[in-house]
Every structure is written in structure tokens, then in C-alpha cells.
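Dropping the structure in here first, questions after.
Naming follows writing order (A, B, C and D), and every chain is counted from residue 1.
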Amino acid sequence: MDAGLIPAELLKCAVVESRQVGAYRLISFVAPQIANLAHPGQFLMIRMSGNELDPLLPRPMGIHNVESDLVTMLIDPVGKGTARLAAAGIGDRVSVLGPLGMGFRFEGEAPAVLVGGGIGISPLKLLARSLAAEGREVRCLLGFRTRKEAVATELFSGVRTDVITEDGSVGRLGLVSDPLPGCLAREPGKPTPEIFACGPSPMLAAVARIARECGNAAQVSVEAHMACGIGSCQGCVIRGAGGYLRVCNDGPVFDVEDISWQ
Amino acid sequence: MDAGLIPAELLKCAVVESRQVGAYRLISFVAPQIANLAHPGQFLMIRMSGNELDPLLPRPMGIHNVESDLVTMLIDPVGKGTARLAAAGIGDRVSVLGPLGMGFRFEGEAPAVLVGGGIGISPLKLLARSLAAEGREVRCLLGFRTRKEAVATELFSGVRTDVITEDGSVGRLGLVSDPLPGCLAREPGKPTPEIFACGPSPMLAAVARIARECGNAAQVSVEAHMACGIGSCQGCVIRGAGGYLRVCNDGPVFDVEDISWQ
Amino acid sequence: MAVNLEIKLGPLELAHPIINASGTFDVLAADKALEEDLFVSFPFAAYIPKTVTLQPRAGNPPPRLQETAAGLLNSIGLANHGIEAFITEDLHRLESLPVPVIASIAGEETEDYGRCAAMLDSREEVAAIELNVSCPNVELDGRALGLDPEKTRQATVLARQATSKFLIVKLTPNVTDIIEVAAAAVDGGADCVSLINTVHGMALDRYSLKPVLGHVTGGLSGPAIKPVALRAVFLVSRELDVPVIGMGGVTTAQDALEFMAAGATAVAVGTASFRDPLAAAMAPELGRLINEHGIGSASELIGVAH
Amino acid sequence: MAVNLEIKLGPLELAHPIINASGTFDVLAADKALEEDLFVSFPFAAYIPKTVTLQPRAGNPPPRLQETAAGLLNSIGLANHGIEAFITEDLHRLESLPVPVIASIAGEETEDYGRCAAMLDSREEVAAIELNVSCPNVELDGRALGLDPEKTRQATVLARQATSKFLIVKLTPNVTDIIEVAAAAVDGGADCVSLINTVHGMALDRYSLKPVLGHVTGGLSGPAIKPVALRAVFLVSRELDVPVIGMGGVTTAQDALEFMAAGATAVAVGTASFRDPLAAAMAPELGRLINEHGIGSASELIGVAH
């Protein structure tokens, strides 16, 4: 997936589905071009259409799923921008730029262990589907704070999932990284499992440590505040092994070794 | 109507009616207290509920009508604030402060000539009803730019109305002030007609001139940019005969002699 | 757990940190228009009336207001009926307020501040005096005394000589170095600084393409300027040893929380009162937020961002 | 009736008045990410790349961005790969742009401006040079050279001696008297001034209550600062005889119309490009508005508000 091959479009798209999934909001809109081009792990810059200036900027949102003409996102309303998007009703229009960024890279045939924390589970759905379509073995560890967030597990039906909650209200009690080491051993006749993770920074740091310790390759999708989403403003940087990296353009998915973890 | 007797409330009210009336939008919401207290010519400070900060401030809106629990306003979407209000859908909530200001004063039994220009017709509906309820003879001159605005005449069914349009597309061709002098003569056995007007400044200036020339009493409802709506900020002043007058508190309805017209 | 919201602003003991910004809330007018008994349930912990001047001022020609993106431009021009009428007419009506009154005064020259302060010194209804050296709407080009550190110092010295009351100096953000001006005020004898007055701005009429305000330029307030205000409060409170009253775009209890964390001892609500007259009543919510952050009291919150 | 949108900015003949603001649009990055052929259908009438400095700069620690009410705080800190790499790597790629390129340079001391200007003087790809004396994100307290009229004059003099190219000086609004600084730039040899760079501001993290930006303070841009920018353009263009490039919150063609009416010869779009990458393409709509106002051409619009 060469960045030069990522077309993008700025579209005003009609919302056709808007429903609550536990603590999150699932919203789908019609965007054939984006649906056609989206690669797992890429993101959109999205806001409500209209000329009100607060919120001002679009928000980066992962692509949860695509289905023929439809693009679906899963929103955790943590602040004003996400709350406004989560309040979108059927027929409302969103302005969307995308798909953007470097998504998950997948080559080879290694079993895939997908690790999602909280709203970080969102891009794993399309990823799981795409990996499965390539014939790869897929297993998801989905971690949530409570039962309320864990409802989103239902979006992963058909995929092998383990649910972990911080309060033990559903599935295993603990952090999503707890069961990870147990999933990483190479099975006879198969390549070493590869990790794909998305979630809050502390979770990603734990995943990076475990991957290093267990000797598995790992890709992580990270977050940063963004303005342009296309590499123009240099605002979304994180510390990389050799200097700052732009999350929007160099990522949002990085190999764990490319990121500075302290 | 003593200002000290104007209670006010800051309410989040549910919109229950929202429909187009020609060029204008008619919106009704449930507000028993306001409906109960509203006096013709008073206004509301109103905005969409919610924490988005653009538009920032409420907009002054005349009270078009009240009917049991319902308060109705008529909106001309001239800018961002009015456009946002006009886009309110059923079930949306508006934040409302009011009723505010000094409305039309009516004593005596003089025939009333109501003169409305454009969206300035809005407060004349409740005024016409109230005057009629007091047994006064009411006649409305309603002036519009084109047929599109003139559709709002339908809101005055049951009242004696003359329609004047600037392009002659409906009713008489010309300005609403043109036929006014013809309505001002004192009829035998009746007091001299009194004028009540609301509309753009040039129209009000014409009405003031005609009232002076013909010797009729006249009250006009004027507009100004507002911030507080309650006399706090001194922002909404107009030039009065003896210094600045606050439109929100001293008005919005003034006797024509109290205003400086040059 | 109930958080103690009381704060001390010099000799003033405030029930909570939320006060009003001068010129944005007139309790006498509001009491009349709203017919809530504001004198009984007064939302602010202190009351600052609109700035008064030696002579009555009619204020600037209209229009005086224009909304901008998340902001409000005004050019009121210190319209007021003069300090004498303020003393003889307003003060005794304000006496029955359940909170301290902080009088705000302004002048065209430094001497005016001494004169006005002297007139208020003996008035028991006045708990403190704020010197507004920062109104951008008096001169055509927005020049206020407070743009000049030395004039700010002088005005403060003259007021200081005229009164022993708690002296607040309200500063303008429209300067190259606000710390320098704040230091000059403190050097002149200020007990406290108030930050910020409005930011210089202007708007054109959409149709005529001429300046919309009758006074051409005006002062910008509201959420748009919150970042400017927060920076001023942060820098000045870190640098100087006097309490700071923070204001500029405070709209929610979260905003008040942030201003206090940035270093404000009290927080004033201005433009937000126009948006929502109930914004004033944010103190309980502020208490809840302080508690949520595990901070024991309002006074412990002050400056935690430093 | 078609309105003539062409304007002259000194020797530069622009197809219309809309250009980009430095640091907010990187055509090389955007061309890659968007895969529209930006080099063929370039929306702006001139292209200003991000400011470059003598030495490469990594920029400030993250976070570097925070949205505020109708505004954006940034503390990028002039991250750039240095003027040498700009000349050897970027310039020839920009050569194929269908519009003039205006190079933006900055320095830590006045001498740097002379050095950078000298390095660009012989480059034919560079149609004009903008001296960014106003980036608030280089020093911790936001101090920029451009806060000081004398340093602004000196930097301009040194650049003027080093190049005969059209020289633009980009000023900061964070000063007591922007006319004074603008006059100093013109006195130093500036052919044009650019107004405004970002406004000093700051934000706290909602949860930690610590400054959210890694650099503590930052620069505020976007619609929130439009009134500040419009005033600066109005006052400076009325006072000085050089053309002004106006910017600060320009989001719609109506905004551009107002900036030109206030006195701008060209108008730059910054933060609005983040909101909507198509904002750049506002020139046709600007033409429609000019026509609607009965004005014959873009150049006749300049300063009608005066």
C-alpha cells in the first residue's frame, strides 16, 4: 500500500444508520468511493456538514467497516467533536475526507492476534474481515472497562473473540494485555503469530513490551490530535525511533519498533 | 404594563411545530409560562439548546402568537443565527428567555391600523387578536417584497388585511406606507385611528412621518443588535429624543415621538 | 464529599470563586426585567457594577454589538451616569445585596483614578475598588491607559493614595508584555489584578462593507478569547505575588476550573451571561468538578497547572 | 458580468487574491495524500511553503494542536528541514507549480534573515520572500523578533540588502501597537506586510489540568481571531502605503471579501484548509460576491471600508 496510491475525496455524505452499541454510537453513511478504496487501519477526517464554526475541525475516525456503498464508524463520545458526530441523525450530512493514512500492512500467512482496547476495537472489524478473506487465522482480544463498553463485542460475530473487562463484569477480569502472551507462541507448522493492536497508549505500550519479550512482530494504530490529516501541518507528531513521526501520514499504523516507547 | 411585572424564565422548550410559510419559517414550542404572560410586542431571547458555541448568543425574536401552552415565532432566516433557529426540527430544544421588553400599549377605543413590513408582520398577529378581544376595530396593512414573502398573509385569516408587494406580484404594487394615509382619517363618532407598526427602519421612518403629518398617535417596534435582552449591557441603544434608549428594556415598542428619526 | 468553595480575595471572603465581569451584568436592570428576586438569590459571590467615570458618559454611537465566531464585539464606550449618581442612587440600592460590592472606576487621565477612589473610600457599601485601565472603547484607536505600564503604575499610585480599600487593577491583553504591565500595577500598589479585558477587534457589515460598529473598532469577548485569557492568567499568576481574578470566555464550570488551575483566585463570568443568564450559577458544578479531580477545596485548586 | 479577479502584488501578477497561509498547506504532502493532481489544478494564486530556517528544526514536543472555541491552538515550532534542503530538495519540485512561489524564512537573530534571503536571491523559482518575524512558538514565552519594532526593522534591512526580490514581512498581532511595527518594517525596506500571524494563547488539558501543548503556550488561529486580524488589516492598510496580505480566520468567500474591503490586496487561507480542503477554492465565489456588491474588479474592492 503505497501512500501515492491513496486517493481521497471530500464528500458530503448522507447518514443512513445511527444506533447505539452499548457505550458507543455506530453511524453509517453512503460513500461509494471511500468504501471502495478503504484499507483496514486507514482513517477519515469527518465533521458534520454545515457552516457552524464550533466544533471547528473534522475529527479523525477509524473505518469500522465497509459494506457495498456504506462506510461505518464507531464513535466514543468523549468530547464535543465526537458528541456532535454521535448525535448525527438519519439524513444528516457529514463532510468526509479520506481514506487517509497508512493502514495495517499484511503479508505472509502468520496467524493474526488482534488486540483492541475500548474504542480501539473499531478498526479491527474491517481488519479481521480482510485477514480472514486472505485465509489467515484471526483471533481477537477485546478489552473494555465495563459491561457497557463490552456490548460492542456483538459487532465481531463470526470472529473468534475473547472479552476482557477491567471490572470483570463480562468475560475475563483484567487488562486486555493480560491474556496476550498466551496467544503468541508459535504453533507447530505455522509461522509466529503477528500482533495488530489499537487502543489507548498505555495498552499499546504494554503490547509493544510483550511483543518484544515474546519475539512477535506487532503493528499498532496510534492516536494524536490532528488538524489537516494529510501531512500538511506537522501537528500530529509522536516520538519515533529516529525523530518525530506524523501520525496522519507516516501512520496511524506503525511497526512497534518505529515508535519511541518511553 | 409595568416593567416590574414582566416575569421571565429561562426555559428549554421542545419544538412541536416547524413549517415553511412562504419565505419564512413558523416554529412553535411548548412554554406555558411564556404563553401565559406574553403581551403583544414583547420578545424572546432564543437559541438552540446545546453547548456548541457558534452561534454564540440568543437572537431576539418577536412573539407571533400564543395558543394555550404553545408559543409561536416566525423566522426570516437572514443570517447564521436565524438560519439555525429556522432549521429546528420537531423534538429539538430551544433555550428561551422571556417574555421581555415593553410591548404595544393599548388604552382607549380608537380603531387600530397595524402596519407590518416583511418579517415585521410577526408580532402583529398577537396584537391584532388582543385588540380585537378588547373590542377594537383592527385593520392590517401587510407589505412584502414579493409573492414569496406575502404567503405569510395566510397567518392573518380572520383579520381585515390589505397586502402590498414591492413587485406587485400580490395585492397592491408599492410600499406598505403608500396606502397608510388613506386609513388614518377620523370617522364620525369614532376616535382618531392609532397606528401600530413593525418593520424595517425606512418603513418605520415613513410611518413616523405620515403619523406626524396626519396627526395620529403611533407606536413602532424597532430592531437593534442585542446581547443580554434585559437592559444589562447597554448594547442595543438607538437614538432617542433625549439621549440613547435601550431597545430591549425601554422598548422594543416606542411612541414615535420618543425616537430621533434623522 | 463536599468541597469547600470559599475563597479569600484579600479581605473579601467569598462564598465561592464565581463573580461577574464588570459591564456584563446589571443587577438593577436584571432584577427589573427578570423579576426573579436577584437580591435574595444572587448567583455571584461578589458584584461588580459597570465601570463608572467622573462625568456621566452617553457611550458610543450604535451599533455597539456584533457577534463573531464564538465571540462578541462590543463598543459600549463606558456608558454610565457618572460616579456621583452611582454613589447617591445605586450604592444604597446595592447595599441589600447579600454579597460584597466591588466598584469599578475608569478615567481619561491618571488623576481621575485618584479622584474617583477618594470619592469611594468612605463608602461602606464598597468592599473593594477595581481600576479599569483597559477599556478599549474610549478612544477611537482603542488606546487605553493600561497599554502603558508607566501610566498604569501612576493611576494605581494615585488611587492607592486615595483609599485603603482592596485595590484591583484590571488589565488589557492588547499589549506586547502583560507581565510588565501587571508588575507596574503591583508596583503602584495594586492588591490584585484582573485579567483580561476585551481583545481589540473589528467587524465589517456584511452588506455595506463598512465597519459595523458605530465606533469602528471594538473589544472582543467570549469563548473565542478564552485561550488568550488563560495564557495571561497563567503567566501573570506565575510571575507575581498578588491574587488574580481571571476572566475571558468563561462559559462553563469546566472553564472556571481551568482558570483557577491556571492561577486565578476568583473567576468572572461576562459574555456567557448573555448566552445563558443561568451560567452565573456554575459554582455547585465547579465544586463537583473539583471533587472529581480529587482536590480538597477551591483554594487548593489555584495554580495547579503551574 | 464577469469580475476581473486578477490582482498585482508588486511584481507578482496573481490570477485572483486567494493564497495560502504559510505552514497550513504543504502541497508536496497534500499531493501525495490526496492524489488529486494539485500541480495541475492548484487552488491558490500563489504558494507559500512552510517557513524555513538556517538550520533544520525538529519542532516542539507534542501535543502540538488543541482545538478551542472556533479556533485552533498550535505550537508546531517551525519544524522544517532547513533552508538548504528546501533549496536543493523542495524548490525544483515546486518549479512545476502553475503559480508563483513565495518563500517564507525565519531566524533566531536578525542576521539570519539576511543570510537566508541571500541564499534565495539567485533562485528563479522564488518569486518573493516573506520574512516570518512573528512565530510565537520558537521561544518558550512566545517572544518573537517581531514583537520589537527595532528588531523588525533590522531584520528587514538585512534581508533587503541581501535580495532585490519582492520582500514581505509577516507581523505578529501580539503587540501594543501594530502600526508601529508595520511602519518599522516598511522603513527597513519591506515592499509588503502580511497580517496576522497567530495570537498568543494557551489551553489546559481537561483531565490533568496541566498545559495541553508540549510547548505550554501556542498560537491561536481560525475564525476566533478574525476580528483581531480584520482590525490589524484595516488600521495598517489605512496608515501605510504598501500592499497588505490579510489573513486570520478566513473561512468563506465572504471573509475574503471583508478582508479586501478592510484593505488587503491578497488574502491567505490557513486554518480553514484543515476544516475543509476545498476552502481554498473560494475565488469564484469571491467573484460572485464582488459582482453582487456592484464592484467592478477585485482591485477596486481593496480598502472600500476605509
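Operating definition for what follows: a residue touches a chain if its C-beta (ideal position, glycine included) is under 8 Å from a C-beta of that chain, and two chains touch if they have at least 3 such contacts.
In this text the structure is predicted, and so the values were computed from the model without any measurement.
Quick one: which chain's Cα centre is the longest way from chain C's?
A
Is the number of contacting C-beta pairs greater for A-D or for B-D?
Of A-D and B-D, it is A-D that has more C-beta pairs in contact.
Could you grab the centroid distance between chain C and chain D? Build each centroid from C-alpha atoms only and quote it in angstrom.
34
Starting from the mean Cα coordinates of chain A and chain C, work out the distance between those two points in Å.
Between these chains, centre-to-centre, one finds 46 Å.
Could you pull out the residues of chain B that touch at least 2 other chains?
51, 53-55
What are the residue numbers in chain C that touch two or more other chains?
If we look for residues of chain C contacting two or more partner chains, we find 69-71, 206, 222-223.
Looking at which chains touch, is this a line, ring, star, complete or other?
It is complete, because no pair of chains fails to touch.
Using the touch definition from the top, list the residues of chain D that touch chain B in their complex.
It comes out as residues 69-70, 223.
Mind listing the chain B positions that touch chain A in their complex?
The touching residues are 51-55, 80, 84.
Okay, in this complex, where on chain B does chain D touch?
For this pair, the touching residues of chain B are 53-54.
Using the touch rule from the top, collect the residues of chain D that touch chain C in their complex.
For chain D paired with chain C, touching residues are 68-71, 73, 141, 147, 174-177, 199-204, 206, 209-211, 217-218, 220, 222-228, 230-231, 234-235, 249, 254, 257-258, 261-262, 293, 304-305.
Mind listing the chain A positions that touch chain D in their complex?
3-8, 10, 47, 51, 53-58, 79, 81, 95, 97, 100, 224-239, 243-244, 248-249
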